[in-house]
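Multiple structures follow.
Here subunit A shows up in two complexes: once beside subunit B, once beside subunit C.
Up next, the complex of A and B:
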């Protein structure tokens, strides 16, 4: 292979036909409210752990929807529950994160 | 939706293109990349279709390439453009037609800026007068050369010797059309079909017998982006953009790509070579790439001009598979003979991409 001194950047394309969304589907069975999320980001904006550990529930839900594993992000959650208080769709986000942690435990 | 309603919506995306009397300004880079495209535009529009197309040897770059590469301020580009307008005034023309997409965007951007800030236009008039004692009138109409070919597409189709049809199967050739970003993403109202439904190349393809294929990354940039390519450290971004498009169009098995920008055909053509050399992947059939053409080259092929006179030998991706599909005759022996049969030497062949 020839070295031109530059190379391809990793593509950010999400191919939903190939993405493994099993984690999202399992979580949806436990937390049907997951479908109510409109990705407004209120949870992430109010998150105490965001600044410290990079937690973002919005990103977690988007990653699950796109077949990516958000485990490293979820591990930063302190379960304070502030996100539940601000969610405009009334999703019990704290419980949603707990359910996701239970799925990880079973894994 | 009722049909009349659809027609009204579509009419908002249309563009009035003058039929005759154009002042033609060439691109500063196209003649290096695709040497015969502009010459054949003039040949088709002026000599074959008999339109009044004027160009002057005093024309220079519009400054757009330097402006977009962050090497000159916009006021400098404006003064250069003001000089082109003064040349047009001197020649007695009011319709400006540009060969380059970035020039088209540059002219549109400058005219719009002057409309919003008349005091800036007055300052540029002063700059031009101090620099070269010239005065200018703003053009009544600015269009891109692909608009002109779009306008004349049916006249070209009426004279067609070959069509964008597979001569073996009788099926229309599957064509990817790629519009330069500066054509309609800066000022959507200035492009045929706007930014959402660009039709300038689709119209040509359909008129000449081909079938336009739709694919997910159809409206994605080719990746030129000026500094993305010109700064070597960023060059991977440029290639990644083209790569994303190739990956997206590959399942639709395109026979060819048609473009209307100086950068797009160059990068969609050359990056296929680099992707083949670095990733070991080719996107055409049988180890070839997907041939990439300018709209003038496609018009020339349809009209029956010799492929080597059209400059197809300087393409990286071999055009021969497409010529065979269209039934265009060509002589492999004369491929690398230039003007007056001068031998222009054969390039060395790449290891990853099949070429002749």
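Up next, the complex of A and C:
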């Protein structure tokens, strides 16, 4: 194959019929605020741990919704609470993260 | 003074002896259990403190002042102080003087547990009585003191506001049994001694009472029943004591030496935590003090209810109360016993099991390291590293002002987290995730050491508290900017002109109650303008409501708390609300009707 210096990015299609959204559904029961998120990304923009461990709450919530494993991202969170200060929807982000850590089960 | 009853026994003493043996047995059992619950090193430390002369003296003094005289309560409200100390100290003196009487007049009866309590029943007045006149006088005097305290206690049930209490707890059923039996003990004693005074003798209180009774009662038929009633009331009180709030009486006597030995809460239910929970007298001062209880919300989440739920073992409520608290520490500041509500809650949070345990031990700090400003070599003198911390990153106005002030004062500084850094670890600690917090603390310590500084300047009290208490940074002085700027002014390195603005200073929880810094920011503001004081300030300052301590309080639930704190600050009509915490500043700014500045910003505007 000819090397053009770039490649096609992997398809990020999400097949919701196959995705395992059980974690999202369980978290949603504990944290109804989850549905308030409009993925604006203020949390990720202000995040202390973003640069250090790739934390992004926006990504975590999107990943959960799409049935992907949020563990690698969410375990970078340092709980500093800046996201809860900037969230325009007033989501209690720290408690959301703690609840997620609580109900998470290793696959 | 002679023995009136040859055997030295009357059946009515049985209830008292039963109660006494039960309560002493229970307290001994509880003491042994708690000592066994303490971690080994704590137990050794505690027992060693009990034989250290300086500690013994401190323990005796504290127990005398706090448990008997209730000195702290006097300061809070004299009427409340008098009520408590009259009952506690008066009762104590009645017991002590009772023993003195037995030792003086019937020394062969001293090993009878009940003799000092029912002394007047067992003795008959003789010509020697005159020697005891002073003792009789004191006995009557202290009985009168106790009775006055009981009368005040009855008034307090209906007019608690006279005693400075707005909201108090609702006593449980057993608490009521204990309360009414305690109230009845002393009037019954008065009656019993009154009916007996013509035989046993007495002083200004019971002798006239006896004379009065004898005017219309022709015989001594009332004597025994009242002694029985007195004994029964004592029995009821002592038998319910371990299951009521009156357990605080023996528990506090254990708490004081434990605290003086320097023990800390390690487990939410065992050891010291248990002693603290049982030391809570359930007075409810913490309900009014708690910033969450504004507009009658969250009243049931005050520390007094946490203690009650822990005693009842209501796990669901314990979890709920533990997670909601802002950890502002005001309940501890106003508590007469000093129950550390926030520590109990953090210990509870630490017991939680998480399916996902982050690990920061392998955290790559290169992104921070590469961008960090640092001291090359080790120049002589002060090398100040300014660590803004997460919250100051959100309020760049503060870090700009800090830098500006430092430049004006000619301080050689490096802004070590200009491009971001690691969280200090305190939010992790307060969430009860100690393991992760320590990993962050270790990583951050490495970073700070690598900056080559010898002074670590912080503009966030949340960081300041954890740096002071948990970091091991040998050779580096940790200082909050309010303290440091005050020093710069004192040394004449920073010139400040007095402006015409009026400021009110809000004491951030972690700076005031948390670290004991109250004066420095006020002196700085006093030089920069005119300072007014809020009604509730210093140790009793009201949390801004933004605290990271609370895990479950949502954005909207915090609004009332913030507004109440602002009302307290702005009542005196200041032009500007000044605080020394980026989190307080952000929180207040949402609802404030006037400017809210950080201390650095206020100082920057007035300094040259």
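The definition used in the following text is that the second predicted complex is superposed on the first by the 94 of 107 C-alpha atoms of A that agree within 3 Å, B and C clash if a C-alpha of one lies under 4 Å from a C-alpha of the other, contacts with A are read in each partner's own complex, and residues count from 1 in each chain.
As a convention for this text, contacts are C-beta pairs under 8 Å (C-beta built on N, C-alpha and C of every residue); 3 or more make two chains touch, one makes a residue touch a chain.
The structure presented is a predicted model; accordingly, all values stated were derived computationally and were not measured.
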Between subunit B (first) and subunit C (second), which, if any, makes contact with A:106: first, second, both or neither? second
Looking at A:81, would you say it contacts subunit B, subunit C, both, or neither? Reply first, second, both or neither. second
Taking the superposition as given, does A:46 touch the first partner, subunit B, the second, subunit C, both, or neither? second
In the three-chain superposition, say which chain, subunit B or subunit C, touches more residues of subunit A. C
A:35 in the overlay: touching subunit B, subunit C, both, or neither? Say first, second, both or neither. neither
Looking at the overlay, what does A:8 touch: subunit B (first), subunit C (second), both, or neither? first
For subunit A, which residues lie in the overlap of the subunit B contacts and the subunit C contacts? none
Contacts from subunit C onto subunit A in the complex sit at residues 323, 352-360, 363-365, 367-368, 390-391, 393-394, 420-423, 425, 427-428, 431, 433, 440, 546, 548, 551-556, 583, 586
What residues on subunit B touch subunit A, complex-wise? 217, 232-233, 235-237, 239-240, 243-244, 247-248, 274-275, 277-280, 351
For the subunit A and subunit B complex, residues of the former touching the latter: 1-9, 11, 13
Parts of subunit A lying in touch with subunit C, wherever the complex brings them together: 33, 46, 48-49, 51-53, 71, 74-82, 84-87, 90-92, 94-95, 98, 100-106
